[in-house]
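As structure tokens, the structure follows; a few thoughts come after it.
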Amino acid sequence: MFFHRQELQFKATPEKPDAVYARKLQEVLGGQYGEITVAMQYMFQGWNMHIPGKYRDLVYGIGAEEFGHVEMLAIMIAQLLEKAPVGITEDAVQDDPTVAAVVGGMDVQHAIVAGAGARPVDSNGNPWQGTYITGSGNLLADFTANANAEMQGRVQVARLYHMTDDPGVRDMLSFLLARDTMHQNQWLRAIEELKEDGLEQLPAPSNFPQRKEHTEVSYQYLNFSDGEHAGDGGWAKGPSVDGNGEFSYHDGPTTSAPMPPPTHPDARMYGTTEVPNVVEKAAGTIQDRLHRE
Amino acid sequence: MFFHRQELQFKATPEKPDAVYARKLQEVLGGQYGEITVAMQYMFQGWNMHIPGKYRDLVYGIGAEEFGHVEMLAIMIAQLLEKAPVGITEDAVQDDPTVAAVVGGMDVQHAIVAGAGARPVDSNGNPWQGTYITGSGNLLADFTANANAEMQGRVQVARLYHMTDDPGVRDMLSFLLARDTMHQNQWLRAIEELKEDGLEQLPAPSNFPQRKEHTEVSYQYLNFSDGEHAGDGGWAKGPSVDGNGEFSYHDGPTTSAPMPPPTHPDARMYGTTEVPNVVEKAAGTIQDRLHRE
Amino acid sequence: MFFHRQELQFKATPEKPDAVYARKLQEVLGGQYGEITVAMQYMFQGWNMHIPGKYRDLVYGIGAEEFGHVEMLAIMIAQLLEKAPVGITEDAVQDDPTVAAVVGGMDVQHAIVAGAGARPVDSNGNPWQGTYITGSGNLLADFTANANAEMQGRVQVARLYHMTDDPGVRDMLSFLLARDTMHQNQWLRAIEELKEDGLEQLPAPSNFPQRKEHTEVSYQYLNFSDGEHAGDGGWAKGPSVDGNGEFSYHDGPTTSAPMPPPTHPDARMYGTTEVPNVVEKAAGTIQDRLHRE
Amino acid sequence: MFFHRQELQFKATPEKPDAVYARKLQEVLGGQYGEITVAMQYMFQGWNMHIPGKYRDLVYGIGAEEFGHVEMLAIMIAQLLEKAPVGITEDAVQDDPTVAAVVGGMDVQHAIVAGAGARPVDSNGNPWQGTYITGSGNLLADFTANANAEMQGRVQVARLYHMTDDPGVRDMLSFLLARDTMHQNQWLRAIEELKEDGLEQLPAPSNFPQRKEHTEVSYQYLNFSDGEHAGDGGWAKGPSVDGNGEFSYHDGPTTSAPMPPPTHPDARMYGTTEVPNVVEKAAGTIQDRLHRE
Amino acid sequence: MFFHRQELQFKATPEKPDAVYARKLQEVLGGQYGEITVAMQYMFQGWNMHIPGKYRDLVYGIGAEEFGHVEMLAIMIAQLLEKAPVGITEDAVQDDPTVAAVVGGMDVQHAIVAGAGARPVDSNGNPWQGTYITGSGNLLADFTANANAEMQGRVQVARLYHMTDDPGVRDMLSFLLARDTMHQNQWLRAIEELKEDGLEQLPAPSNFPQRKEHTEVSYQYLNFSDGEHAGDGGWAKGPSVDGNGEFSYHDGPTTSAPMPPPTHPDARMYGTTEVPNVVEKAAGTIQDRLHRE
Amino acid sequence: MFFHRQELQFKATPEKPDAVYARKLQEVLGGQYGEITVAMQYMFQGWNMHIPGKYRDLVYGIGAEEFGHVEMLAIMIAQLLEKAPVGITEDAVQDDPTVAAVVGGMDVQHAIVAGAGARPVDSNGNPWQGTYITGSGNLLADFTANANAEMQGRVQVARLYHMTDDPGVRDMLSFLLARDTMHQNQWLRAIEELKEDGLEQLPAPSNFPQRKEHTEVSYQYLNFSDGEHAGDGGWAKGPSVDGNGEFSYHDGPTTSAPMPPPTHPDARMYGTTEVPNVVEKAAGTIQDRLHRE
């Protein structure tokens, strides 16, 4: 169950309206790596988790915080739009480049659809969607997904920080940046702990027996491009990170197989078939079938 | 530039047709973490990269390999569909549960749209889409995204391994599992190397100055749920992973702010406003404006 | 069957080109609550309806009108784009803010994709999609959806009215506003008539026996937030609108249940499982199974 | 801010596994009218609302409850999948129609992607998306959208009730049905109260001056189909619901305008133009321009 | 304007219910090449066309017919679903493979969402979307798109013909097949006529001056694969179809350019940059900037 | 298998940055008819093809080239963005209309998400998706789809040519235009050759026996609009293009059927049913059933 308190976790008040910036801020609200994504991702991981205790408490504890961040951003966006000239003709002084930029740069659905309100979309107006989230039930994989989400998120907020001068907006972003710092650290620590607790090892999933994979290619770097430095990295020599093998470098594939012959499905799929006489025979077959039908 | 060779990296031939399994295999061809995703992700990371040398050579070298994996899966799927009873009435012997399962479980678009061929969709028929890929230009974040993609991918292939008995299919999956093992190791090694090379540090992005974030909350675990074990993990005490702080545990938020008052955008947004007399006044204003227009 | 007549229901000719406004007008053509939505929604409701007579005649009669509104908007948009500087370099006088606004604010696909023509998309370029429509076969629910669609539509057109000075555009919008007024009234009247005719009652669906629901919570307002005025409304006291109960107010839930323990699906799902020794046992089981395979 | 409590609002435990039903239940979790939709819709309406007090408290109070319903359904789905034969070959006894139905009827991503867990998608696997929600800032329109959402939702749950025999599932559905009853009543009451409070009237938006619409067609039922009973309803005669007019019935349109002539945008749009000599002239113009370029 | 007549263009009544087939039929109703696509495509081409007369009359004349085909299919689907066991538990006799196939193979949203009605989706439940249509304003290109749409459509209907035994369904499909035959012929004839009328020539768009393209590669077949028969076709030798050149065959590219060096955008994009000392300098610059801010 | 070479097929270097143009160029990279579409379309056609030899070699040979064009465009876009003022506040000189246009006209995700890099999206930021491609296995239909794709593509590139003055960009576009010319010619030639080789004839699919369609309407032009020139074209008189019939012209339909009566699905679908007493009886039935349950 969720309980809502009519307070924000941090002050979210801009100093002045800015409809173009409101649009940009939508990215970290409703984009691929926005707050809706992390809130939903952590909660679904919790609901589907197969372990009670600290790991499930962790995802629940932070998932609920992230819903509060969705709220902070929505409230901020509504205020950025509050006094902005969001599409009203008479306010669009035609020889003012600033207004021209607003006319061009704002999300027009902010005005037409939401009446100067926030929406669950990204900075290009693409609606948030369920495929943004990741939850496989394998915690090593999922916590890596979470670490990535917090990194991408902090990169985006850092960029947004420089796209505004508004001290109120920057203040809120400074808070979100700090929380992203925490959350990156936290997921990376949880990954270490999964290993220490003996729950997961590399490669994920570790309980699939490696002897069932073609281990001869499990640690080969195969260079399918012609970059001459691809073999210079630690991924092309030395011990593998999972401790189970030794990296080696190869120019291109070390295995190959002939391409199988083209398929010939049922003639009633009406695909183009091989040579005329085959077609005739197939047609004969169809003819026969159709007469029977 | 890309050059195509009419050979496969590994044998991709099933022993017998299986339309239901063909559908399942679509997940690792055209799903969120399928081969199209990693092929496109690595290539776009290369095209947008800001460093020449080993890291760009790395993404190019593996990206091209992944396009070959797309091909292996597409070829395999076409063969699984080749002799399957893909929707032809007269073949659907009605008292055979196996056929009933095929009728129910196959991807009907395999027959109707592709004429017994593979498609760039996932196992539920959702089309592959560009938002599946990640590429921020920040390599620490992006390589973490790559590691996650290879982990999720290997988890899915491992599951698919147990959903078939076909030795031909399992043989190909064993190869893909091995390559996923390599690629997990490779990205994790590349992440270490970025740090060793002095290019990136935690938290990402490391060149955003941390003093600009609200550092008082940068290492606090805030528990917004009531799980009593959330504080038991290494994320709630001890040094942080980035080495810049000390984790601490807190029940709920350590900061708060009152929710800002509701916004009052231009009356011509036709939102419902506060109290009747305000409405009247606003209406008056509109009336005035409209008379002027 | 549909028959097309090469006339419009109302004049749809702008006085001057305006590519930015053409983009905005796309919202009511191809947006969530645009004319394509209502046209398709009413027609599908008709095709799926389980009653002959006045209600089916009603949805058919208005659905066909709405396709004509799609046409009016498409024709209008093509004309707004006709002489507009839709992306041609040499016309983009660089020191003219008006042109700058056009460059920034127009839908670039209007030029690149449609060659100065309308498209079935919303004002942010998101394609119209089938999930915008509603049709359950329950007319009380569906006519409420229709009333909502006409309300949202009229709100959007009212906003668009103030975003242009063009008398030709405003003239057409005045017509659409009037039709939206009619259609709001019409659906609300049809809802009343469904009840008068004894076909439907509240709550929808009325023929599901209410005794099968947990009636003890059927009229409780449960406040999951801390707003102190939530209990002031008529939804928290007095008789319910459906006449079957009495509203009451409660701070938070009146029921609760412990969260069920985490699930433990088949080990070959490769989820992270509970405690090490369980893992070992599960691994043993897998080992056994795999040996048998 | 949101706070999570590790309890459910109501018991959500099935008696036995049922992977096919788990898929169906996804509709009311992540479908167009599922619990994610109403949770997000009410919260966004609150964040964008322009009035403090009872109406905002109302949407916050119920929005948070709906997030708890998302949780109940996710937990239920995970349990329905827990012991189900979710795609593991050896369990698929080929001569058992029940298993055949599971193989065909389950959501294969439940197994391959989520490892026997719930996902934010509908019963066909389409991801939840931001366009499912409605929030215009006009409360009369938005509360009508809310009433519709609760009606559609209750219709769907009522259908799902009959698609299972499981007493545990039915018990939870009985609870959700009761809450949908409450929420339908609540939004319809709130609509009445908006009018009583003098905040909104019909047609929405009521503060757009009706004299600016073409009132001559504001109350005409125009029959664009040939159904002979379309004029029998109360929408074709008698006073209008908003009290501002009198309905009338008309066969087809009462207005018309000639279709404007085709547009002739810039020749560099490369559209096909009217007659050859025009083309030549246009080509001449292009030629000239191109020589100048 | 569109006028609806409550008659169908052809009989659309199945002999018996078939929920699985109803799902398949959705492909040609709401799929990529279904009837909604062609109806919308032709109408938008008409609304955006730059020529009056026979070509615009043509697209209007057929577009309206296609909306009638949408109706025929929707009506047919509703009837196929009418008496089908669409998800009701007690009807699902568990030891009957036919019912098992229905349980697995039907579109569950047909029951849960539409109450046994048609929906604007394809056979996998993906909603119809605006990007399915094509309309560039260049009639040579667009009529080729139309010819393709009618070919893909007829291929799909031909496949569907063999997936049912129902004489009523087959009768309707026979009608649709005949109309697709007409429409293929019609668009191919219209393409010829565009050339005869001197309106368009190959390559499209013909009024872009070919001398502005790099004509040295305008007729070269460049083989980027290693298939040895690629040069055997008429596309690798002899006169080109447009009459403006001579085909030639080449193994791989005839041109090449070095890959440009990596980009170095503003340091505040936080991308990973080249070498440590550059990073330091960039960091210095940021430092400077930030101090100034 | 694919092999990558770190060279471009043609020079792709702009003379100066232009973020607005970078956005426009996304259309031919990641749009409906962009290079990702043709690359994927040709490859999937190859993987699913039922004929070895020249046709499969053809699609493989050109498909790989198109992946190289994706690369050229991505590299070009990254460079156009390199020095552009992509959203950094202090660079946005507020009284410069050029900057205002950039602020308004660029794709903000280029900066926020990709850090000044290309993305797999169109010019409005819609992600590329799998439904853009066509591959039915019927080569006559598919090569027509390919011809269309190359025509739409060349029309778009021609438009983009005039939207920039940059000689570097225009140089690359001149190359792409030439290749589109080749590819249009090539597919049209391949279509001729399919017929000459006796593999396919009109109408597609030619091996479906035409006697099974309702041939009486196979060559009728039915005018469902009131355009008086629809009968003037060659599609309304004279021999049909496939040589199998004679075109004829008709005002409206030549066939019709009464609309079937409304359906009455199971009462537990909770649709609104016909007349009260029927409802009662149905309710009775439900009542009975429910009592039994």
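Think of it as A, B, C, D, E and F in the order they're written, each chain with its own count starting at 1.
Assume a residue touches a chain if its C-beta (ideal position, glycine included) is under 8 Å from a C-beta of that chain, and two chains touch if they have at least 3 such contacts.
Note that the structure is a prediction, hence the values are computed from the model and not measured.
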**Fill in**
Every chain in contact with both chain B and chain D is listed here as A, C, E, F
**Request:** Pick same or different for copies chain B and chain E, depending on whether their interface residues overlap by over half.
**Result:** different
**Request:** For the Cα fit of chain D against chain E, please give the angle of the superposing rotation, nearest 5 degrees.
**Result:** 120
**Message:** I'd like the Å distance between the centres of chain A and chain F, where a centre is the mean of that chain's Cα atoms.
**Reply:** 26
**Prompt:** With chain centres defined as C-alpha means, what is the inter-centre distance between chain C and chain D in Å?
**Reply:** 5
**Prompt:** Approximately how many whole Å separate the CA-defined centres of chain D and chain F?
**Reply:** 28
**Asked** Using the touch rule from the top of the page, what residues of chain B touch 2 or more other chains?
**Response** 1-9, 32, 48, 55-57, 60-61, 63-65, 68, 75, 78, 88, 90, 97, 100-101, 103-105, 111, 113, 115-117, 121, 124-127, 129, 131, 136-138, 140, 155-156, 158-159, 162, 165, 205, 208, 212, 224-225, 227, 253, 256, 263-265, 268-271, 293
**Asked** Chain adjacency by touch: line, ring, star, complete or other shape?
**Response** complete
**Asked** Along chain C, where are the residues that touch chain B in the complex?
**Response** 155, 158-159, 162, 165, 268-270, 293
**Prompt:** Considering the complex alone, what residue numbers of chain B touch chain A?
**Reply:** 6-13, 32, 53-58, 60-65, 68, 75, 78-79, 81-83, 86, 88, 90, 111, 115-117, 126, 129, 131-132, 134, 136, 138, 140-141, 144-145, 147-148, 151-152, 154-156, 158, 161, 174-175, 177-182, 184-186, 188-190, 192-193, 202-205, 208, 210, 212-225, 227-230, 232-235, 240-242, 245, 247, 253, 255-260, 263-266, 268-271, 289, 293
**Message:** Using the touch definition from the top, list the residues of chain F that touch chain C in their complex.
**Reply:** 20, 23-24, 27, 31-32, 97-98, 100-105, 122-126, 155-156, 159-160, 162-165, 224-227, 252-253, 256, 261-265, 267, 269-276, 279, 282-283, 286-287, 290
**Complete:** The answer for chain C against chain E in the complex is residues 1-9, 30, 40, 43-44, 47-48, 57, 60-61, 63-65, 67-68, 70-71, 74-75, 78, 113-121, 127-131, 133, 135-138
**Item:** Interfacial residue positions of chain E with respect to chain D in the complex
**Value:** 1-6, 48-52, 55-56, 87-90, 92, 94-97, 99-101, 103-105, 107-109, 111-113, 115, 121, 124-127, 136-140, 194, 197-200, 205, 207-209, 212
